[in-house]
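Shared between the two complexes below is chain A, which pairs with chain B and chain C, respectively.
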Partner chain A sequence: MTYLLKKSEVNQTLRAWTSKAHVYAPQKVQKYAQFLPVGEDFELSVEEPHNTRFPPKALFLPQSETLLKYNPQKRELESAKTPDQPRIIFGIRPCDAKAVTLLDSVFSSEDNPDPFWQARRDQSVLVGLGCDQPCATCFCTSVESGPFDRSGLDAILTDLGDTYAVEPLTERGVSLFENLTVASAETTQTIQAIQEKATREMPIAFGREGLKAHLDELFENEIWEDFAKSCLGCGICTFLCPTCFCFDIVDEVRKSTRERNWDTCMFKVYSIEASGHNPRPSRRERTRQRLMHKYSYWLDHTGQTGCTGCGRCVRYCPVGLDIRAMVRKSVATPSEVPHVD
Partner chain B sequence: MTELENRILAEAQRLLSENLADVVIAFKQADTPLRPQPAFFTDAEAVNDLVYNGLCQNNLANYLTRYPREKKIAMVVRGCESRSVNALVLENQHPRENLYLIGIPCEGIVDWRKIVEAVGEDVLSVQDQADIVVVRTPKGEFTLDRAALMHGSCLRCTQKNPLGTDVTIGKPVAEQDPHLLRERVKNFEALGIQTRYEYFRQESERCIRCYACREACPMCYCEECFVDHTGPRWTESGVTPAGMQGWHIIRAFHQTGRCTSCGACERACPMDIHMTYLTDKLNTDMYDKYQFVAGLDAKTQTPFAAFNLDDKNRFVAGGTSK
Partner chain C sequence: MWTNPVNPNPYLPTPMRVLHAYYESTDRSLKTLELAFVNQQDRVRFFEKFNPGQFCQLSVFGKGESPLGVASAAWEGDFVRFTVQKMGLVTKALHQLQPGDSLGLRGPLGNGFPLADWKGKNLVIIGGGCAFSTLYALTKHVQHAQNRADFGELIVIYGARSSGLCMYKHDIQSWYQRDDMQVHQAIDVPEEDWSHHVGYVPDVVKQIAPSPVNSVAIVCGPPIMTKFTLPALVGLGFPPETIFTSLEKRMKCGLGKCGRCNIGSKYICKDGPVFSLAELNALPADI
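Now for the complex of A and B:
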């Protein structure tokens, strides 16, 4: 069943939800949108065709998080409380929601789930906003996803001008949107047409067939040296990436806490070992790691590409390094590994 | 290609074919329209995708420290870049005789953020023309006033014409009033302590510690940054107020007498953080107290790195003051 939600009623809907859950939605911080808690006074920022600058993965894996604390009075360690508040995340783009499901394979493994991640996942309802106008930097259809990918979502919205079409996808999604007008069969067809058009019109950034095997063969190729030349080695691409999940665990001695902070393979200190040896000593190896992890190693581990085509790394790279162009260049580079049949 | 680009290209080709340079560092057009990419040409035949326009936002002097001293580097430099090169030569990061500076009088860098603010983030192409910038987006074509798009650091620039170059391409441009930088500092200082702290708090609060500011800065070339030290640990590691404020304050202080106000740090920042007011303040202090301006030449030692036995301060053996 598809329902209709008037845009003029979105704010009051979100406000009503706050009585039963923490509600998060994109709002303006300075000049860009970021997921923030919905309070009494808030201004929704979902009209831009692109996703928020800072990725909503932070709602599940905060950039810094206390894991445990030492209590000097009792002389004991106390685990940080796992979050127990229900949450509704409104307006998440399909690429970002899909990224959360990819990260489940890291943090929600059956035998050893991360309690903090798991608690937040269990407590969260995700209301997605499909992309009827994908950006020039978006490439979700090139990486097993699409502008109306339903992965990880409890409901998906389609922009119809002054109304959103609401398609609940799970029971939790259904319970959020009770008492709404049901869309007519004609409207349902319009929605489908919008979704198909957006998907169809996105250009394919690169072909995936044989990509992993080819990249693996390029491991020692000098192409990485070429990419690394202009790369600054900053953390923008990985920190803004919705699927990058690397972290570092640090004991903050002065605060008597153990913290988990995002970390990134783009930093030299990320891979340096206690002996001083660094297996990724230069930007060549580090640039290679980012691309290979997404388009090769993820496939080894989960069978899925570790990129959802959100385009943030493309939009915000200060030196204009475009991961799509990097993949295309890799594809165009012949492998030097001899093939023996 | 513009006439200016043709002339830079010809010079780059000449330098490479006559073996006067091992590498020419300039810009090429990348796949994303808002960001030309730093380019490293080593083959005279392959310089054809060179570009030069107002969107070339990086300070190319940043790449100088990646090369061994014996490499002959040719580099496109604008005013700020030429000052950064001077500051790096002064700090023994590359011998001047192995550098060939292709100077370009600078019309100011176009701030991509101001384009995005005007037309949205989805940009298909950008054309930097003399007084206007033409931006094509899915919503249509926009013609923007170039002067209104100038990056903040360029609005206050005191050195548009490159210094100490080996060749200069293009006509010299008029320099701006050097007090523009001081004006900004003065205006900020007049705000009062609460407002000033609130500004600093809000700016640093958005930091995601990606260190793009550090990596974009030619003067941040330490093998190990203080923020990565674990013993002693100088700042908190996380995105906490103490951690983020500590980072920005200490980074600014490390730039004293070294920063050339190029603004590359702000242009690289993914979260629109403005911190150059701190380095601008330090720069005006360096001038007021020591009459020193970083990077005007490659010989005058920066005051905090100058040691001599006649130092007027008493902590130096043989110092003259009591």
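Now for the complex of A and C:
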């Protein structure tokens, strides 16, 4: 069943939800939208075609998070509490929701599930907003996703001008949108047409067939040298990436806590060992790790590409290193390993 | 509104107490710690899972965690042994611990040695430097009367830069009296009163030339030693499936989540640290 939600009633709906859950929605801080709690006074920022600058992964894996508290005097340890507040995340784009499902394979794995991730996932309802105006940096359909990908979502919205069409996808989604007008058969067809058009018109950035095997063969190729030449090693691509999940664990002496902080494979200290040996001593190895992780190693782990085509790394790289161009260049580079037929 | 299943926090260490702490090398760069469990249920849980070749994350609160290989076998007692090389913040703090001091432990982590696959095989154990610690755990495990019949011949080759850096001296000295194993110790340069081999481990291996027939070789040492020992074993006729090594990487979580210890799609903390040479040959050269 598809419902209709007037845009003029969205703010009111979000405010009503705050009585039963923490509600997060894209709001602007200075120029850039990010997911912030909805309060009494807020201004929604969902009309821009592009995504929030900060990925909503921080709602599930905060940039900094306490794992435990220790008491040096009493020799006691206390686990940090897992969050127990229900949450509704409104306006998440399908690429970012898909990224959360990819990260489930890391943090909700059967062996050693991460209790902090899991608690946040279990407590969250995701209301997605499909994309009918792809931007120049989007490439979701090139990486097994799409502008109306339903992965991870409890409901998906389609922009109909002054109204959103609401398609609840799970029971949780259904429970959020009661008492709305049901869309007519004609409107349902219009919605389908919008979704199909958006998917069709999304430009294909590269072909994925045989990509993993080809990249594996390029491991020792000098192509990485070329990419590394322009890379500054700033790590922006990984911090803003919705699927990058690496973290460091450090003790905060002043707070007597052990914390985890986002980390990045683009930094030299990330992989340096106690002996001084570093398996990734230069940006050649580090840019290779980023690309190979997303387009090869993720496939070994989950059968899916570890990139959802959100385009943030392309849009915000200070030197304009474009992961799509990197992939295309890799594809165009012949591997030196002879093929056995 | 929605339920919150409670999972144990895998980042929370088990409280431990130092039983014994003593220097292992004359230059005081290596210190052995024997740790006891504060809570008995933690001890039971640990030994249910423990297998030689596994490692633990040791915590000094306020300093951090450091991954260290276990240097004891389960039958030795209700303690876990580690030999710590003083390298950085955490290992320096570990060196300062005295008997009775408290610290944290997470583990056992990693796969450990595939002992079940090695049943009935001759074992050629080759170690160098402080990386010998997990091989010491393996040797101790195999030596126990209940386990010894599971394996064929046992050959241990252990090299250190100098005699002062040789670990577990008294115990290893007693191995020469055993009739169920061969011991070969080596140091890099000649010293007075040294009656064993002099030379680098790969050369000593070539000289001893252990037979590859029905054998597995286990190699742990510094990268340079491993680099030259693996081809030496291949040269002696050991197929890559029968050569094993334990890898090191910078690690944080030890659970395959924090991301940094990968080689290709394998995480050293979770899929390793023990790999066969055949498995390593299939991975990219990101070591």
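Here are a few things to note about the model shown:
Note that the second predicted complex is superposed on the first by the 336 of 341 C-alpha atoms of A that agree within 3 Å, B and C clash if a C-alpha of one lies under 4 Å from a C-alpha of the other, contacts with A are read in each partner's own complex, and residues count from 1 in each chain.
One rule holds in what follows: contacts are C-beta pairs under 8 Å (C-beta built on N, C-alpha and C of every residue); 3 or more make two chains touch, one makes a residue touch a chain.
Just so it is clear, the model here is predicted, and its values are computed rather than measured.
Aligning the two structures on chain A places chain B and chain C side by side, free of any clash.
Of the two partner chains, chain B is the only one touched by A:P49; chain C is not.
In the superposed model, A:V250 lies in contact with both chain B and chain C. Of the two partners chain B and chain C, it is C that touches the larger number of chain A residues.
Contacts of A:L211 after superposition: neither chain B nor chain C is touched. When the two complexes are laid over each other on chain A, the CA centres of chain B and chain C sit 90 degrees apart as seen from the CA centre of chain A, to the nearest 10.
Once chain A of one complex is fitted onto chain A of the other, the partner contacts of A:A274 are limited to chain C, with no touch recorded for chain B.
Once the two complexes are laid over each other on the shared chain, residue contacts for A:V331 go to neither chain B nor chain C. In the superposition on chain A, A:L232 makes contact with chain B only, while chain C stays out of contact range. In the superposition on chain A, A:S79 makes contact with chain C only, not with chain B.
Applying the stated contact rule after C-alpha superposition, one finds that A:D300 touches chain C and leaves chain B untouched.
Taken over all C-alpha pairs, chain B and chain C come no nearer than 6 Å in the superposed arrangement. Within chain A, the residues touching chain B in one complex and chain C in the other are 248, 250, 253.
By the touch criterion given at the top, residues 20-21, 67-68, 70, 72, 75, 77, 79-80, 82, 84, 86, 106-107, 109, 111-115, 118-119, 122-123, 172, 216, 219-220, 245-251, 253, 256, 258, 260, 263, 265, 270-275, 277, 279-280, 285, 289, 292-293, 296-297, 300-301 of chain A touch chain C in their complex.
Those residues of chain B that touch chain A in the complex are listed here as 30-32, 34-40, 57-58, 62, 113, 116-117, 120-124, 138, 206, 208-212, 214-216, 224, 228, 233, 236-240, 243, 267-268, 270-272. Against chain A, the residues of chain C that register as touching in their complex are 1-13, 15, 61-66, 85, 87-88, 91, 102, 104, 222-223, 248-250, 252-253, 255-260, 262-265, 270, 284-287.
By the touch criterion stated above, chain A contacts chain B in their complex at residues 29-32, 48-50, 53-54, 63-64, 133, 135-137, 229-230, 232-236, 239-240, 248, 250, 252-255, 259, 261, 264, 267, 269, 314-322, 324-325.
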